[in-house]
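One structure follows; several queries about it will come next.
Chains here go by letter, A, B, C and D, matching the order in which they are written, and residues are numbered from 1 within each.
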């Protein structure tokens, strides 16, 4: 009797998700003869019993280089806190996890592959504890999951951010400007660190190292004294000044008006008496075709996770360590991996002359 | 006796300026045997008598694909309104145009090539009327100068904006979002129009067509009804709502907090009840290596303008009309070229289903 | 009664063909309320009565940025010389043009849009003379059709070729080598000329200017004397030496072993006593996503040609002249447009120091 | 007394070499206060006592994203077999290693950093055994050095190869063709393997797995039966058929006429009765700006190797293992790292349906 395995993508999208789906489908079909079915809209789609999408060889043929996820991704849907709007306009959050699990049975899914970040892994882990047969694929564009050296999508984001720095460099130079680039990274500064080093930034501000704007100003002034009249500052969206004043982002509601990049820009305009321009890359970093490396890595993850299913390693997540695919407990993987302020790469960046505020 | 010709770049930079400088230097040196000298920092550098840079074949060798301008560009320096800080903190604006002209003589410059936009051309034209021997190269990343079909840098900017749209498309689709992209174009919507068509935008808001946000909202809702749950909106920075409320950009001082893109984002979040994300590309559009087409066009301009010098066509500017290099009076060229709301390309875009508000 | 219009693509593919199909379908559907139907495999598909593909708004949604042609392209199928294999192994060529025309009627096609090069236009023109209702869209990656300033796909090819030159430049420099790049262009040297100028080539060999290898050698030696130890040579596949010896490409059958690029490489290795490396880009130039400009131009062509159908301008082809869409007789357009050896752009390239052999 | 350290690059160039030079110079200068000097043209430059290039902060400022190596690279110069042309036209190879070592002393170089591949490391190792103070940076675009997970330049090459596959895909599809792409990899198939997986190849032929062309033909025919009429074959230049017939490359002298890609193309044209086109990427893969990842990795190598000098770890080479910089003996590192035919990644590729002949 053919095995039937589902796959869903949860949380924000990352370039490479479709390559995971394709590789999982090809491997499951060709190697094990299983049926691979796509679950739409993350755990929400499971709960609501949305129709499954058959992921045949034919159906996944054009997915390798395609950005986003064809399965869609519900950003906040957790079966442990399912939002139910009440008549009085408030929202109640119900635990519908048992429904999600019984849906898997109803749909004939013998197992489920879940590609997601820490939030999605936390949900999956709890479902596994309730008896669900789930394995995981790490997904975070910020590269902030533990136990895997790197995640797909991270490199694509770095390429987009570095290309922006390359472009800002030339116009900064022509006009003697300070250019501030805000990149993604709410809790971890990996994108800022890697793009900043690859794009020759002068300062890199990350959540892990609270910054003193005076140090950035001194760096800018010292650069000017050396005869160079422009500089590049990379700011992770989650960076924060020492001891202090949080971004005024949170004061705004709805559409974000100004994030940490704008705050840093204003502070520098004051203290460095320089012309400052700010660019906020935003969702551009999340989108587009995955780079060849991200296609390669996502393909490895997608293919390897199918073997975890075959080995019934429920609760395990596939990971890259060195050059090898390994599997690790979801529980351990979902811990936040942050840049070590005293680690080798930050020290290296400092050695090159980059300040972290 | 060897002729000695200067070249300066004025106003904002545009990818291709260095290719102009290189082609002018090679042509002047190789064809006419002249000396080509670079004037630093635009008209300011002329006035202040900054040392000239000899643009020998050796010196310009690596300039073809380099973004920005190696000569630097003073953004606001006009010899007809030169800022002089006074002891009481105020600024006086002096007419120092006669100094600029006599500097040309002092420096032994027989003629001057000026690459710039409408502001720079206006200055050059006035200097020509005072007897200066100047010819022009059109430079505007916005493509808003009259009498030339296209200017270099424009295509590079469109590529950057279209690539951003391509990236936003995939993440918008995965998350059912409305993505707003603010692009350059204060007075003319060429970049928004071209990138919007090339990047499959659903709405394009440009300065030439005051928009009604309700029409954009209806478009978004109609798209949702058709089963597509995401949409892309391109907004030129100079777009403005009908009859009205200007952007709140101008209320801010110093670093721009939110431009027209953010305003449109907020309005859409309200009226379309959709999740909206806004990206402001900013100076990223100005920078970076010119595309091959922009290198080709800039090289043609730079080479052709040297022949204008040889023909002593003072007050003329080089231009592209069809496939040919022609020369046109600076005076006529500096008129703003705007998108025709009733023209062929806007009609075409509407035919494809794009709304302009 | 709804009008029903077919569209087919003939000859080699070019980036932008799918954008033409999409724009034609959207315009026909939205503006005129017609049905647009795709004819598979060029005129062959018409003759064989292959099933038509309905090009609804939904079906063309993802075509804008997609390379190739979803309708397929038969390279050599002409209804005026249809190959019929005979029992003795030889092939007879029949005129089946009347069948092709009657198929149009059978399929209910009121008119046909044909996107193709000179060969395809010649066929279309003859069919029009027999009474068929056909309009044309110019398609040649080589940009060698008359009466249109430029065709889509050309810029994408130039970008690929120029990027290759950029890459070869750095490795040539590190190793003191002469790099030869063979690009497309059997009858016309437009790609070689534009990419060569944009990529800082030292010599450009094109079909329009028979080359003397000694002149290229002298150029290389002169460059070495100037202290630069590398050079870049661009060769159109159809370039040919003066007075003679044709490439040995034609001596080979089946897979091409060595084209003009290899011959030039061998000749230079001898006469310049330099280390030479040859790259043949081949079909890489034809493929991939169209650049934003090619998407824009193809969209204009695809939309404008639908209005030609509405105006019943049979035998006319859409074209770009300056910034405007115009229509021209197919008959006149299919004349080969070649680089003028005495024209402005070749002269400009020579002024920059580029030799043409 | 300031320490004075030299750096040289040997063998073929790789994108990232200049980033190594920059990072080493910045770290040596800023952290240790040493003088960093560039040795031109590899070991040849050392032997000939070419003038050293001071690598000050100012001088290395624009090197991060620049392809090639500004120090130049002598391809075959070994101080243990220095070519001396004799009067009778033959060449004698002298051991001049003692001269190279004494030159280091003469030039005041306290230590030498050598970036190179297996050949360069072998030379460096022997010099170390003679008492020279040398540390190494691994450099191979083919990623075929042992003990380091990856080398810079590898990813840039994969990106170029994968982009070519992406482009070939669309034109192959439109014309129902078999496309063969020859990529670098004389002894190891890493580039072919990674690009083939990332670019959705149907067959990957590598040196490590002698191929049976019949298996590739069967794969092509099976694809055709499935309704897809095009396929992509990636061939490493060093791939070889089982038991047999070597490429006819070696029969040619001077400029390579046809490599393994052309042979495979011819064999497939026969056995698969398909239209085949061959592209040989050649040196395009070596050139151009390094990707952001390669800049990052090269920067880590360049910075970390300076600490090896400080620790006087002569004979050691810097390497990446997992996410960490480690140092390994040059002797052990210069062993060829080949694709394991029975390893995880080849198995994965087979699971996806890719054949290796």
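The rule is short, and it goes like this: contacts are C-beta pairs under 8 Å (C-beta built on N, C-alpha and C of every residue); 3 or more make two chains touch, one makes a residue touch a chain.
Everything numeric here is computed off the predicted structure, so don't read it as measured data.
Where touching is counted per the definition, chain B and chain C have no chain in common.
Farthest from chain D in terms of Cα centroid separation is B.
Distance between chain B and chain D, defined via averaged C-alpha coordinates, is recorded as 41 Å.
Centre-to-centre, using mean CA coordinates, chain A is 31 Å away from chain D. Taking each chain's centre as the mean of its C-alpha atoms, chain A lies 35 Å from chain B.
Shown for chain C are the residues that touch two or more other chains, namely 163, 166. The residues of chain C lying in touch with chain D in their complex are 12-13, 15, 17, 66-69, 72-73, 75, 160, 163-164, 166-176, 179, 254-258, 262, 265-266, 269, 276-289.
Remark: chain B residues 23, 26-27, 30-31, 57, 61, 64-65, 149-150, 155, 158-159, 162-163, 166, 194-195, 197-200, 226, 228, 291-293, 295-296, 299-300, 303-304, 321-325, 344-345, 348, 351-353 touch chain C in the complex.
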